[in-house]
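To keep things simple, chains are lettered A, B, C, D, E and F as they appear, and every chain counts its residues starting from 1.
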Amino acid sequence: MTNPLTHINAQGEANMVDVTEKAVTQRTATAEGFIYLSQAALDAITNQTNAKGDVLATARIAGIQAAKQTSQLIPLCHPLALSKVAINFDIDADNQRIHITSMCKLAGKTGVEMEALTACSVAALTLFDMCKAVDPLMRIDGIRVLTKQGGKSGDWSTS
Amino acid sequence: MTNPLTHINAQGEANMVDVTEKAVTQRTATAEGFIYLSQAALDAITNQTNAKGDVLATARIAGIQAAKQTSQLIPLCHPLALSKVAINFDIDADNQRIHITSMCKLAGKTGVEMEALTACSVAALTLFDMCKAVDPLMRIDGIRVLTKQGGKSGDWSTS
Amino acid sequence: MTNPLTHINAQGEANMVDVTEKAVTQRTATAEGFIYLSQAALDAITNQTNAKGDVLATARIAGIQAAKQTSQLIPLCHPLALSKVAINFDIDADNQRIHITSMCKLAGKTGVEMEALTACSVAALTLFDMCKAVDPLMRIDGIRVLTKQGGKSGDWSTS
Amino acid sequence: MTNPLTHINAQGEANMVDVTEKAVTQRTATAEGFIYLSQAALDAITNQTNAKGDVLATARIAGIQAAKQTSQLIPLCHPLALSKVAINFDIDADNQRIHITSMCKLAGKTGVEMEALTACSVAALTLFDMCKAVDPLMRIDGIRVLTKQGGKSGDWSTS
Amino acid sequence: MTNPLTHINAQGEANMVDVTEKAVTQRTATAEGFIYLSQAALDAITNQTNAKGDVLATARIAGIQAAKQTSQLIPLCHPLALSKVAINFDIDADNQRIHITSMCKLAGKTGVEMEALTACSVAALTLFDMCKAVDPLMRIDGIRVLTKQGGKSGDWSTS
Amino acid sequence: MTNPLTHINAQGEANMVDVTEKAVTQRTATAEGFIYLSQAALDAITNQTNAKGDVLATARIAGIQAAKQTSQLIPLCHPLALSKVAINFDIDADNQRIHITSMCKLAGKTGVEMEALTACSVAALTLFDMCKAVDPLMRIDGIRVLTKQGGKSGDWSTS
């Protein structure tokens, strides 16, 4: 009986999916996440942003670097030569949160949604680290894949 | 004027907090997070767990390894010699989610909440990776610090 | 005079072999190794295996992760985008040992036997780590390449 | 019931041993291993050694670097600030093998035998890599701990 | 005969200096370096700086991260738990160059000048990377230690 | 308005250049650098070189390893599967310096000059580390790209 979990073989053991014979195609994935924070923390970031503050720049670099390290963090991910990583931040003052979006691209044999999710997660963790003295009660929420293009399964979107 | 963000100096530049003269004390932090997934994905994991499946074991190892790499992922975190990392998973079938909790310990000069949060996040991402063929719509939610002990600021808890 | 050691140039200096112009072909390598351990240690692992223990799962994940890091561990190895890594454990109670086998695959320009050997070695070291409180006298033995397929030199097998 | 495997908790889950309250003491461990190789491979290394060849130097550096990365390779190892790593090679022509010995030191809370074993293993793998074009049938054998000093369990030796 | 190179033993082999018994003291090191670049590249960075550009922020983060990875880059460096890393940039328009300074701190057993030098070097390389499309002829110059405090050899300064 | 800095987007944010659709071509880059050192340090290295000393071998390995890690050190560099890395040292006694040259090759989508520069820089830092007890006043100078071949912009040379 085949296992519905592709990363677990018939014996229930962890299993790196074999992508040797898959075609090289252009693949893109986007992901999103949120960090909810206090008004004081949001103000601190906003003030930095209006000045020349490094808060968002630091989180952006951390997210990009993390995307490139995904296969070292997630045990069954394949090492990939990402051709593009981008991270964006929108300060959503009305909802007292920051909206993080990420995009990863590859000409390769497997999808890049884990790389996009890892970029979002580490960017959020980096924001947490820089704001935790102001607000230790922050919450990272809603990390998910938004869209996926390329590969055998075709294009895909959450909406 | 001092900056409320401890990781940004008065010029708005990223800044690693100087902990050279802080006392070495025992420090503990716990964190939690959730992954929401479809019934099919939850069933697949549960069946593995009842058998000898590696799904939760793989996510646990990934989380432990990530905690040890926190200072390489989060740019302004100090390198720490963690003395203990633990990850726990509770399958919460009623809410169709898995509850992830983590605990990190250190005898050192700075708190370990970022390590606990990183452990939770990477454990959740690893579950996502292993279940994404069954359910590409999963969502990682509610990553936050639960408790913090040791250090100058004393003990602290979310509740 | 050419040097019989391909990784040392005519001046006796360490040398990364130039694979720029080699063809991309499907390559596979398998390797094996053994860990000899006391009856008490073997029993402890076997009992874990019959229950839902993480011993072999942890060693499997460690071996897979190590295969992906081979070029960071072995100085003259090329970075490779492995398309498949698998590790298997057979408990050989008669000989009081565990037989570890590994398999690596790549569509690329160079062979993957070092990746397979690294996977076996680190899986064995991980078993050692987890059992050393029960048996500090364990011994890792017989790490070698079993088969190699693909590439200019053609298929190859130890037997 | 406690589990005889210290790295597995009572639920059978992978477990990083808590060393927070252990005393900082001077700890030393030595390990050894062998690589068996053909006369042609042994001659190639010996000729390098008599000249200014980098073969053993490369394997020595690889082993030292690997010792420092042990906690990233072995999932349940603690990160340690090693204070000394040394690797030695003896060419044992009579037995057509190279004898590798390693020594690691630490002033810390946990033993360093895994670091010494990792140093030996990666030094051996590096020799394998550099000689595999001459002899693909090499075998790494006899990797084990020789001595251990410091810590609660006192001094210990294989002989 | 002792070897004047502390990192090479009497046999001429690479050697990690044994610091096990050295005292833990507060240690600081500062280093500097320069990148010379065309007027066009300097203008591009300056314009970024006056706006909210990420050029210097990215190089600062890269330098901080590199300081923490020094022992993985420089084979005979000890792993250290740095307690502070800072990087500063001065745009020296008169000399058409950027002046990079770094500072590292540690309460530990060995000096941190290699960490400060690595931080400067990688910050300079990152500036090079971001400006190379405008000016491929840039030059990194004058990387050296400025001051060193703490440890047995006492305080030290280049001037 | 497009930004002259390719790694910064129109909003002034750090930006990984999208190379997804670039052609795979053979690319080569060479770089150079110098380390100036005292007569005593130069003599120590020269004596090692005439004997079987590991000084230059250690620096060569460090440079090769660093080239392979470039995308982890330089935030906006793409991960690349380098097909060749070489490092050369010339002892230039007349000018009391060592001349370091590096060469990197790739069949890929983006140039490898950052990899060549990183190799030179880390090789120089490693020489610094091994000689700093003899001469703490060393200086790393003149790190620059010498030649670049392959890719859309054609061949290029400093002279």
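Just so we're on the same page, contacts are C-beta pairs under 8 Å (C-beta built on N, C-alpha and C of every residue); 3 or more make two chains touch, one makes a residue touch a chain.
Remember, it's a predicted structure, so these values are computed and weren't measured experimentally.
Contacts with subunit B and subunit C are shared by A, D. Note on connectivity: the fewest chain-to-chain touch steps from subunit B to subunit E number 1. Relative to subunit F, the chain whose mean Cα position lies farthest away is B.
Farthest chain from subunit E, judged by C-alpha centroids: C. Residue numbering at the subunit D/subunit E interface overlaps only partly, since under half of the positions present are found in both copies.
Centre-to-centre separation between subunit A and subunit E, using Cα means, comes to 30 Å.
Centres computed as Cα averages put subunit C at a distance of 16 Å from subunit D. Multi-chain contact residues of subunit A (touching two or more other chains): 13-14, 52, 54, 57-58, 60-62, 65, 69, 72, 75-76, 79-81. Judged by the touch criterion defined above, the protein chains form a pattern that is neither an open path, a ring nor a star, and not fully connected either. Under the contact rule stated at the top, the pairs of chains that touch are A-B, A-C, A-E, A-F, B-C, B-D, B-E, C-D, C-F, D-E, D-F, E-F.
By the touch criterion stated above, subunit E contacts subunit A in their complex at residues 49, 52, 54, 57-58, 60-62, 65.
Across the complex, subunit B is touched by residues 13-22, 71-72, 75-76, 78-81, 108-109 of subunit D. Listed in rising order, the residues of subunit C touching subunit D in the complex are 3-8, 12-14, 33, 40, 44-45, 48, 51-55, 57-58, 61-62, 65-66, 69, 72-77, 113-114, 117-118, 121-122, 124-126, 128-134, 136-145, 148, 156, 158. Contacts from subunit C toward subunit A in the complex involve residues 26, 57, 60-61, 64-65, 68-69, 79-86, 105-107.
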